[in-house]
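Same chain, two partners: chain A is paired with chain B first, then with chain C.
The block that comes next holds the complex of A and B.
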């Protein structure tokens, strides 16, 4: 999963996708998550960062993470690096 | 180092130039308590889902309706519409406020009698009255509202057999400007059916015609329709006097006043668009008072309002079971109360509210817990993110939802009344396996 090249993310939570023309607002945790995904971190790394920083349990994070990923994928903010995800 | 408070990550698409229909973001309404009792405390004590009825609201709304009519018309009598909500505790409050009973079946008739209503203060409507029902009605001196000719002849036969006069009215269907016209009940005004029925009744020695009744429809948002209906019934009332030199006792305009719920597809909320009791009262009273009926012979005005009187008093407390993302990215959630308990969700966009301030809101679909595709409580509602176990309140469910609730795959929940002192009482117990076993027989097991 990677952030598509056409997507720009501002530091105040504004996301613009020049491919679709759509723009979005993300909340602070959504912004942080998007940026960590953009940096190429995997799930476990991101989870550890969040668990260390926030009052949060691992299952809640896992549910929210995958839901958020499904949403940004639906909005074409991310795409799968390898269509088969087969490494 | 202290950890930071976590907010669920969220993303919302910006739709430039597309404000909501009111132009501004909607502030989320919160219902954390009912009549001063915390929703969480009610659920903890009585379980979820849970119907809650407020006696205070019942009495307040009733007083408002009564005032609206009694300040405009000299003789008004309300009759509580049993089918709207026939829990004994609810009916008793209306009877305590002075309401008669309006019933539509033998079962409801028996219920009214068991609630201590005098038979002569029961209005018996409905298209299905068996001979046994008619006997019960005649013997109790009820006002029988005849629906069709077959019933009229059965009633003549039954009252002859009993050698007792039956007090009757006819149900009239008419064009009040509401389409489609509800013409399946009663006798038609325009084509002369109603007049024929009146003439037949006046010739029957065993029947005493005392009133005229109409019920033009349900959730009628135009008070002018009632004015048309009242004028037409007033014409019949006068015509009967002219031909038979006889004044009837009453005109009954049925029910059908809209509650403040919002119909599906409505642009504005029902609370903004539905006529008030004052507006209905003004239209009806004006039509009757300005008719040809002399003031001293004005009929008693009966009203069988149900929905508009009790919808606001009923709440359904519910709990979130799950959150889901649908294929199209839309948020959805499953709650523990479905269309089996919320029959009115088929035509209303019921108000569903959280019990506390919650975060980011987005358009969501709310499903019930039934294993049925039709179990949709709200198909589109802007709703905050909630976790499983979050308690929600559905408001304005006092009318029809309890009487029309289905026992389907699960037990129907407790119904609790909050009385005038703020005390809670179970007025119908939650079902259990025994409830059903008592009524079932299994021939295989016997053999």
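The block that comes next holds the complex of A and C.
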């Protein structure tokens, strides 16, 4: 899974897809997740970062992470050749 | 560098909620650092807002509608030309293009340059010929059916699933969910634009557009893709944003290469969720959102004027994506004398 080349992410949480013209606002947690995905971190690394930083259990993170990934994929912010690939 | 002194005549100063491209074309030309311009505004109606916009035109002339006859229109242009020698004429309405294309040589003999599509290019892209066009130039188009009379409305259900788009030959488009709505749209459109009325398959997706300029040799001099962000009830863009979409550029370049398109154009496309692009219309002129392309780095009217004058123009390869335009309405206070002058004298 990678953030597509056409996507620009601003530090204030404004995400713009220059291929579709769509723009979104993400909250600080969404921004943090998006940036970690953009850096190319895999699921386990992102999970460890979040578990260390926030009071959060594995299952809740996993559920929210996949939900968020499905959402940004739907909006063509990420591309995924393999639907089960979250590396 | 000395500036090129030019007098340019422009039509389409109707900057209304269904705006003509005249005002943004003039704005684009004035943004060029290479020209020293005198602008002649050509108007059909006395209430076209461009007449009253301060600093836009140096002189305004009223001209007769092309429907009164091509000769009347061209005679009037030549009369204006005798008083205010015109170097380049940029027509901006679909409905007037035919008259100007027909009289291209006559205008040139008088010293008026234009840069218009050829008759073949203009006619083969007619909405009622779109399926043949798609096949000839290998581009996806929605299926369509031309209605010559209301009796054919019953044929729609054999060929399409509702909803369908009901379109006029030149302008107007309505979505219809059943034969009754098709009938209503048919009556509205045929009384205004004549026949045939075109039934087009409704393709689900996002409408995207490309403004482009072809040099008539197959080269794309400029191309900028855009998505409408805010659409009026007339389907016009009230806000839009430039896109970075290689596929749209590829479609545009391929079409210009194959057709050897000459002049400005706008491609109207539907992008489906499967990333397929359907061509729904080609407007054979510069669209009203041209100033966005200038803002993004491609001054299409400037390039068109140079091409009209026979200058070499290098293709513009880059533009800024994510540039937006937002239209606004504005009330101009006008003294009655100004309106009286244009209404009574046909010029101001």
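Note that the second predicted complex is superposed on the first by the 80 of 87 C-alpha atoms of A that agree within 3 Å, B and C clash if a C-alpha of one lies under 4 Å from a C-alpha of the other, contacts with A are read in each partner's own complex, and residues count from 1 in each chain.
The rule is simple: a contact is a pair of C-beta atoms (placed from the backbone, for glycine too) under 8 Å apart; a residue touches a chain by one contact, two chains touch by 3 or more.
Worth saying up front: this structure is predicted, and the values here are computed from it rather than measured.
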| item | value |
| --- | --- |
| Which superposed partner A:55 touches (first chain B, second chain C, both, neither) | first |
| Touched partner set for A:27, first chain B, second chain C, both or neither | first |
| Which superposed partner A:43 touches (first chain B, second chain C, both, neither) | neither |
| Contacts of A:19 with chain B and chain C, given as first, second, both or neither | second |
| First (chain B), second (chain C), both or neither touched by A:71 | first |
| Shared chain A contacts, counted only where both chain B and chain C touch the same residue | none |
| Interfacial residue positions of chain B with respect to chain A in the complex | 3-14, 16, 323, 325, 328-329, 359-360 |
| Chain A residues within the chain B interface of the complex | 15, 22-30, 32-33, 50, 52-56, 60, 64-65, 67-68, 70-72, 74-75, 77 |
| Contact set on chain C toward chain A in their complex | 206, 208, 226-227, 229, 241, 243-245, 321-322 |
| Contact set on chain A toward chain C in their complex | 6, 8, 16, 18-21 |
